[in-house]
């Protein structure tokens, strides 16, 4: 059994990693000096909003598989708790290293949490198909890749923290999808049964969706510097989310021959507005463009959720468990296109704009390219025999990883 | 099948409404100017508290029906996302229209969310008996009616934002009950089975109740202007809620021949203190009157939950799915009576008070009258053949609206 | 039937207690004067974080028993709502009584909520084995005992509010365990079936765990006075929690012969870091000691969860339903030991330190001793025939207390 080997390897990996992290923290980090601290705790409520999104929202968003709810929720916390430690270290070395010390403050913890959310997004695509050790490897590689991507965006394209972070959706989606594409595909018959949703598990997924919906404005505005831009970002995100929630439910009915709504579409498209408005949320100056964007993001997400799994994924041999492609990938790309459009509209066809378009296109393509490349590399590594990956028969099954002391019948 | 028609009509309605909203927002709204913005984001945490109440609290509060959990939670979000757009537009035109522009800021979004919560309250009474199109119509009509009610209270009775908003419970409850009274009643036998609660669905309802219980002090203090009154409002609400939570559980046992507690009573009466103390929360100057009020609100709510469905409702032929009458209506009326009492006690029988009593009585009766009238009108409209309402056989059934890709047995 | 008697005695107890509380509040309390209020509401978001921990976190943490979910969650709210009223009164008389008045402000409500959380912790050990009246008695006694303990720590050991409150875990755990030890033990066969966890009930428990995990930094920093210490406290708690979450999942696999993770270990050990770092959270000056502490706290908690129930508990005849000993007791003791160690390291072996060590040891032992003594007294009182305690056959069963209007099959 692949699982038996986890008994030794899992604690060993954790021991090695945590020792390494603690040593790095010992030599290279210290807390902010008292004098500078007084302002920082103002960011604490925002940090908690984002924490709720990561720990509850993204966890329960993935909890829809009937027999995989425990792993979805618990492994999500594991991934976050591990990833955030690495993310803060890399963030320190790459972005704020001075005089040999990384200064820890709430802003850096927020950055670390948001960076690690890329893994939480990607893991939706490989959900149920990897074990905890593979998840550790993926976390280490993806956090590193995303920190690298942000560094490139900031240094070569001259973007700021907010703009580089907002590409998390595109990066995370394509990273996850590529890893999933590399893994052995689930056998159709066994998987169909285990992948079933139950009304209760879908209700937990809805709970996750709602947590994300509520606190998304915080996510989109957390890294914006000027208070008045922050406020605009909050409003734009709110309006985009409101419209995409309405669109999600009503247009899902249009895709079904009996006019029935698909709960999975709702889980995808409700959040599409928040994803799409991410990169432009501080540039849009009145509610209506955010609303229009939320409208089309919702529709694109539903169209993706309807047609990608049956057509595109089948052709290229991809199994994207939580359909992160439709949830985060497509709306993210739409947002990127709108960003380019806004740059052009704002400046007219002046020289400056002509110069800025390649940068914007690079801004749009770089995260996607890094996601695909990083995902391919990670996928190949995860396919090594080394990790005792679960066999395709054992996919989507909590019982491969969890002790069920008293087996209960049904869900 | 009534549901098939939703395939075209639902997206069409949404398309028309969202287009209309976007056009209005295009012509009439803009964001607050940068200079004024700096203070406003301070209200953001309070906004999120209220958002949690609306999106999670009121959603899961209605999630107790065994076969209607999905619709309860998802339609609640749909209603909120749609209603808040209309509410902000109407709020702008009625209360803050100047020089041809509606200025959007966080305060107006809070007002819009709170206003739309009237629909979320009312929808508890018609839960399971209307389709999504009827819910759209009801949202449009009720938001308009409640904005009108608040305008009347503010202009003719000289009340402020807080005082007019706090009548939401009475207005929402009687609006919802009247609409429910107009709709075809569920057939007893089929409904009994579908209306069953399961332990799990009731636990989700408890989750909703707890979210509401926690953040109610924010709701009752959000619109109060002076910081020291705001603080008193928080404390009073907290004490009233604490006492009504204790009363809810212990006095529910008194109503059962075997001394068993009814979970439905708990869902109703736990929140009664928060409802009842709403209109007087900034007038009460020490904890004990709030506690007394919470005590009696809890008892009235339990008595209502015990005796209304079997007696009153049966006589007048009313089916109030979530018993909003006991949860919001009766404690709201109690709060109104205490308001009048406080006005009298404070002023003694001076001329001023004699003059104020008719105003207070108007303040108490107007929302109820508007709720009854608006509910009657809405109920008659919802009864038109136009909306392809679900037949009484199909009440309380998620399967009428939702695609179940893999039918699961039981909950 | 024991339950029938609740019909009269439960409302009677509530009536007497609430009347008493209201009378005390009438004679002895008033709200803060307006002028002083302006600053206080800044603490409101922190209060809400702690409220979420108490009302949602500690409630759902106990919701894992298949047939006892309702009571776990609802009785938790009841206990909190009742206990906080007494806690505020006692807190006023013991710690802030001046010129005959207790001044109520948000800080005192925070203190009251945190104090009552001791009962919410202890009730995990007696979960399913007491009725609501016994829970009332336990609440009254434990709140009083913990307020006394804090008074002793502050007056005789010269500690501050934060330091005295942080012993809540040790006090609560040993209080609860001792009460559980005094109660009649459950009959093995019947209990085994009713104590079963289901996947869904465990998911609710995970939800509670996650709420606690997210907001624990607020809990550990709420009572710290200086803003820069508060910030350090937040960071240390966050790092300790991150490491213990990683350790919880990976080292649980090491305790199972097939390398499977136990969800119950995860529920215990994920939070161990937050418990352990409590008393030293403002003394640790960089992330790595907090991480080391989180690491060992997680391991101790898992070792406790693995070996205590089968060995120690069996020998002394103890049934600790939610294993509060491993969750709160052991990590709390570890934290206390580290506190003594830090005092020694900080000062070297100077006279001052030699003088401080007995104080620190007293600081460590007093809450444990008070917990054991208070628990013993309470346990003996709860064993009186007076309370119509549920018989050991009826343990862990919602149906003893709750009306199930339509009995559902299974969970």
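Order of writing sets the chain letters: A, B and C. Residues in each chain are counted from 1.
Operating definition for what follows: a contact is a pair of C-beta atoms (placed from the backbone, for glycine too) under 8 Å apart; a residue touches a chain by one contact, two chains touch by 3 or more.
These numbers were taken from a predicted model, which means no experiment stands behind them.
Here the C-alpha atoms of chain B line up with those of chain C after a rotation of 120°, rounded in steps of 5. Looking at which positions face the partner, chain A and chain C present mostly different ones, since fewer than half of the interface numbers are shared. Separating the centre of chain A from that of chain C, both taken as means of CA atoms, is a distance of 34 Å.
Within chain C, contacts with two or more other chains are made by residues 45, 200, 410-411. Those residues of chain A lying in contact with chain B across their complex are 45, 49, 66, 192, 196-200, 202-203, 206-207, 210-211, 213-215, 218, 227-228, 230-232, 234-235, 238-239, 241-243, 245-247, 249-251, 253-254, 256-264, 266, 270, 285-288, 291-292, 295, 410-411. Across the interface of their complex, chain A is touched by residues 1, 3-8, 10-11, 13-14, 17-18, 21-22, 25-26, 29-32, 34-35, 37-38, 40-41, 44-45, 48, 51-52, 55-56, 59, 63, 69-70, 73-75, 77-78, 81-82, 84-85, 104-106, 109, 132, 200, 204, 398, 401-406, 408-411 of chain B.
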